[in-house]
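What follows is a pair of complexes built around chain A, which joins chain B in one and chain C in the other.
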Partner chain A sequence: MKFDWRFNVFGKPWIWSYLGAFLVWLAAILFTHGYGAGGMLTAALALAVFSVIAGVAQMFVITLGPGNVDLSLPANIGLASAVAMKMMNGSDSLIAVGFLAALASGVCIGIFNYLLIWLLRIPPIISTLSASFIIQSAGISYGRGLQIKPPPGYAEFTSAQIAGIPFLAIGTAIFTIGIGVILHRTIYGRSVLAIGQNTRAAWLAGVSVERVRLGTYVLSGALGGICGSLLAGYFRGSSLEIGDEYLLASIAVVVIGGTSVSGGKANVPGLWGGALFLVLLLTMLNTFGVSAGVRFLVTGLVIIGVIVAAGGPRSVR
Partner chain B sequence: MKRITYSRALLPLLASIALIGVAQADTKNMRIAFSNNYAGNSWRQAMLKSYDIVTKKAVTDGVVAAADVFTTADKEVPTQAAQIQNLILQGYNAIVINASSPDALNGAIKQATDAGIVVVSFDGIVTEPSAWRVVVDFKDYGEQEVVHLAGWLPKGGNLLEIRGLAGTSIDDAIHAGIQQGVSKHPEFKIVNSVEGDWDQTTAQKAVATVLPSLPEIVGVVDQGGDGYGAAQAFAGAGRKEPIIIMGNRQDELAWWKEQKAKNGYTTWSASIAPGVSTLAFWVAQQILDGRKDIPHDLLVPYLAFTQDDFEAALPSIPVGGVASHEYTQEDAKKAIEANMKK
Partner chain C sequence: MPGPSVNIVRLVGVEKYFGAVGALTGVDFSVAAGECVGLVGHNGAGKSTLMHVLAGTLVPDKGQIVVDGLQRQGYSALLAQKLGIRCVFQELSLCPNLTVAENARVLHPGIAGWGWRKQAAALIRKKLEEIFPGHAIAPDAVVGDLSIGKRQMIEVARAFTTTKAPLHLVILDEPTSSLDSHTAAQLLDHVRRVVATGASCVLISHLLGEILEYSDRIVVMRDGAIAAADRASRFDRDKLVTAMGGAAASKMRSVQERAAPRGTTPVCVRARPFARSDGIELVAHRGEIVGLAGLSGHGQTELLLSVFRGATRRLPGLEVTDPVALIAGDRQSDGIFPLWSIAKNIGIRSLGALRTGPLISSELEDQFAVRWKKRVNIRTADMHNNILSLSGGNQQKALFARALGSEAKIVLMDDPMRGVDITTKLEVYELIRAEANAGRTFLWYTTEMEELKNCDHVYVFRNSRIVADLRRGELSEERVIQSSFQEAR
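This part shows the complex of A and B:
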């Protein structure tokens, strides 16, 4: 057996995303001579939370195997933000009601997505995209494009910090540990991985493929609902466009984090690395003060670079 | 080629002869369509609402026969181009348009104007010369932001700029105005500029990422829709909010009112009024009415609020919405006159 140093030192593909995040942060604070280093990390953690939640949703769907992707997440998040804020109606006593309503809206979208895929036999990439148009239209007629404010207690909760660490980031970290356990230690999680590796083999082994797929699209929808209601709290208002950036972000953090695009292989810690990397990259470019064009260009190139680097260890298998 | 230009030159002539025939040209049998490419934010919703109020009344009063609104769900150019072609076939006399692109729709617009349809664009304007454009003086808006700051901060200081959607004519014009303002007031220095896309969430995120690296900021110059997000980002980073120019959104003005009551916070607010859609409607109606003297580029003022009058306007803005101003036919005639004097 040939010795490969990468296999030892960087044996886990998600190391690369953390390394990338660290390097762009370093570049940013070198530029400011160390000024604002802690503030940047606080801001990055606060913003990364939402990409991580959307990323978990996308990770489960993508892990189901080739062709599975949830493109309705942005519309789902936008609608959920409006549902949550309308239900809370600015009153602290209705926070739970609004949160559960947003969750329910996400679950319904998940079921709807699955029905399109299963009943009508439409490929997920098309069914979730067309579902997102329907959701968007529902959102426009429901929310009328208004930015409804969250109740003060809820707004406070979503941006609370403990020693520079956002409260939401701690909660989401615990949540992702739970997700890791579900993925690797439960029948459901293992079924998702098995289906992604070989659907037919999983079916022959007795995995109820369709039930797991339904569960996964519903999980993705529910997480979109949670993400939407948290975003509306953190950004002090619902907006149908609030989820737009999570189309690319949810897929990018999954891929950068070392989850296989062809399914069957998921990586939970990598989601955090990927999300922090993307936010810190934005921080770095904003700190440099580059123009919008350069920013898009560099973001694209760097994502390609990291994916190539993260793909390295996998190819030596 | 020659024949086409000849017949095109003849058409208005024939039209005006016909108009003289009926003494006052009449638009009561004419139908005006509104082609809109997006409805998903508060500004667009206010735009549609203002348009609805004014045109419903115009139809009831018998000024025009119909004023229908057609909104496409996405911001895509091909969808709107197809929509315009449908409107041509449906035989509308005029199309009021908020366009998804300044130049990509020109082909479809040209087809419409060649078919004798009056096209009036606003907000998202079209560059096709045969169409009309109702534009707001965005450059002056940008410059006035710095002028106001200079009045309150004679010593100057560091400014943070929040840009709008990259590549749009609006972003370029406001930015140019701000730059001109800063060059006239060299006591100010723009230390960084980020992209807020006129959106609260995007602005808050952009400011939050850049703020840790910035020195003390005395003012934020922006483009509207981003002021509240900027204020949240400053609060989130534990920094005192500088003077943030607002953009007529209800949440921005409500925040301003709260701060004013607390510590006498002073700023200025301005933006393009969504009701400019109704001005575009009246311009189309006036052209159909036979007016030949209306310039193709109409410059109209933006809607601004000061420390003294914003609180009076606040109750009339829907929660989560944006301040609007609807034009009457008389207002529109005055706006046209103002442009003809130039």
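This part shows the complex of A and C:
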């Protein structure tokens, strides 16, 4: 309970992730003497979008309670990027087809994950991890390792900006507002929060536990699919490794953003703060010119620090 | 005091409270050398608590413990062990991952060095053969692989083994609950043999025949105090049953009688415990309060849960016509959502009705919470406070509000008054009666006799079967106890 006072100063723990993002950005531009301050923000917003989408997926799953986590997200994102690019086939007229195909691949992965968990009673951490190996193999045989370029219209769309703000960032901001409404004001969202606090009590209070869990893993899979197809457009080509960094990132933004790792409490605004903080932290370290090893070291330490610091208020459970 | 005058142990004015609940309210209890004391009473009468105090595993809030004529300060399980007091508790205490011999060693630190396994094996084998001739238990068998009956035999035999520490008193808490009648008789005969050598025994059992036949003296407990104590020959079955809780009944507030005879309203629940074809079928008509009685753990909660499942799915041997809500007794693990406000905790069962369009309306949710705050009288300044800010009784009222505020026509109650104070109870009884008059049906599992008096119809459970079907007029504490203790022999 030692850290209570710090995390409840504004009654909104996610304020801290924004503050952290701001401080990291400040440190970076002080180092460059103000050079590239705006560009840094634009780039950070553009990259944060993908962490936020993956983070929303992970947030719903983690909120289901202890043991729930979707480790198949990176493989899912990689496969979806390949599926989207292959279906679009470089042609602007097939953009919608490719996007929907990536979405469908994500939904199938979600259903597959849930079936492993429910039918075979495998703990989610293991079933999603093993699913990710299966998905990777499927991706390899499907894409044959080829990098397929996105259609020009799609590539342009994923990097479009309005007054320095990426178009995708605006879209994702609106999307996360919708997610907030779903989480707090729909029966589905309330059910997720209830299950995360006490699954048995939720069942006895009439919540359809299994249906909600299925829905949550499918939602996570679908968001992975969307994330993958957007990434392929933004980075001008698909690759099966494109999602790799989102294993750690998706979990990190959820935790830094104030969502409880033990479930039952989720925080949507914090996802943006956490994502911006992580992206800007890497930008700052890049500006300082440190090696890749130090970058990983600092990222790891930050996540450990946040979990330790946020550990106090969660002792309610 | 009849029998030998040398007391092995004496407890004087022992009190033990769990929160506001008095498990023991000033108990004097003694065991003389060379006697077998039978201890009987209802569930929750305080028998097990008293034995835990005697064995040193619970420290009493008040009172003295005298062993071998000396008042003992800082009495503990270890000291009890040294003084020759052994205990076989209801919840078996063997380590399932160890062998029989290794488990025997746990009690005897003296067995050490080379060949300790052999020594321990010899010790336990000898005792098993002495108590249960023809037992067929190998000392090197892993306990987890053995049946519950075999485990109970090992547990009992282990309690009677001796190395360095003396053996003066063995407490047997329901030692025959998992034994068949033959092995049970072997054990009880052994108890008589041990007592004849000058050691003592406390025997707790729900089988009154055992108690009457094998004890020298019988102590009856009720509501955390001693209700009767005398030589065993002065008791018979009916006297014991009356002493266990008949007398208090007349003092209870009488509940107004309802004229409505059974069967005028349609049936809304029909169930057989575990879909068994033997035993009586449970039937609940609309607007009835149906009580589920019997000793705890005899299948009442399982029946409620199967009715709960049956409301959303077709299950064999089950008929549930209307939506169901359940009020949990174990509110921490089955009831409350600790991160939420009182209002959200109440609203979770009725979210469908609290929406405007597809979204939950916080306005409707607040109105709902305020309405139920008044109806069940939840004592809080603001329904937006966290649920944990409430006292236990008020948390329980919130759970009642959750169920009664829902659209459910059938309400299942899983002994929901555990740890609830008397004022709250009376408020809730009235609420239940009013809701039943308005057409709701209640299935009410309770371990308290007083609550059964609020029921229109009572089914008594024993060994996962319904063994008695009592109408309101036929209900009496004696009948319920008689049916719960019916013996197969």
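Convention: the second predicted complex is superposed on the first by the 295 of 317 C-alpha atoms of A that agree within 3 Å, B and C clash if a C-alpha of one lies under 4 Å from a C-alpha of the other, contacts with A are read in each partner's own complex, and residues count from 1 in each chain.
Everything that follows uses one rule, which is that a residue touches a chain if its C-beta (ideal position, glycine included) is under 8 Å from a C-beta of that chain, and two chains touch if they have at least 3 such contacts.
What you are looking at is a predicted structure, and each value in this text was computed from that prediction instead of being measured.
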TODO: Please tell me, clash or fit, for chain B and chain C sharing chain A in the overlay.
DONE: fit
Open item on the list: If we overlay the two complexes on their shared chain A, which of chain B and chain C does A:Arg190 touch? Say first, second, both or neither.
Closed with: second
Open item on the list: For A:Leu282 in the superposed arrangement: first (chain B), second (chain C), both or neither?
Closed with: first
- [ ] Using the touch definition from the top, say if A:Val181 reaches chain B (first), chain C (second), both or neither.
- [x] second
TODO: Figure out whether A:Val298 sits in contact with chain B (first) or chain C (second), or with both, or with neither.
DONE: neither
Open item on the list: If we overlay the two complexes on their shared chain A, which of chain B and chain C does A:Gly264 touch? Say first, second, both or neither.
Closed with: second
- [ ] Could you say whether A:Phe133 touches chain B, chain C, both of them, or neither, answering first, second, both or neither?
- [x] first
Task: Included angle at chain A between vectors to chain C and chain B, based on C-alpha centres and rounded to the nearest 10 degrees - done: 120
- [ ] State whether A:Gly36 touches chain B only (first), chain C only (second), both chains, or neither.
- [x] first
- [ ] Determine, for the superposed model, which of the two partners chain B and chain C contacts more residues of chain A.
- [x] B
Open item on the list: Just checking: does A:Ile111 make contact with chain B only, chain C only, both, or neither of them? Give me first, second, both or neither.
Closed with: neither
TODO: Check the superposed model and tell me the shortest C-alpha distance between chain B and chain C, rounded to whole Å.
DONE: 33
TODO: Could you pull out which chain B residues touch chain A in their complex?
DONE: 39-45, 73-74, 163, 166-167, 192-195, 199-202, 204-206, 208-214, 228-229, 232, 236-237, 249-251, 318-321
TODO: Spell out the part of chain C that touches chain A in their complex, as residue ranges.
DONE: 308, 325-326, 328, 333-340, 344, 348-349, 351-352, 355, 358-360, 362, 388, 402, 406
Task: chain A to chain C touching residues, read off their complex - done: 181, 184-187, 190, 193-194, 197-198, 200-202, 204-207, 260, 264-265, 316-317
Task: chain A to chain B touching residues, read off their complex - done: 28, 31-32, 35-40, 42-44, 46-47, 133, 136-137, 139-140, 144-149, 159, 231, 235-237, 239-242, 245, 279, 282-283, 286-287, 289, 291-293, 295
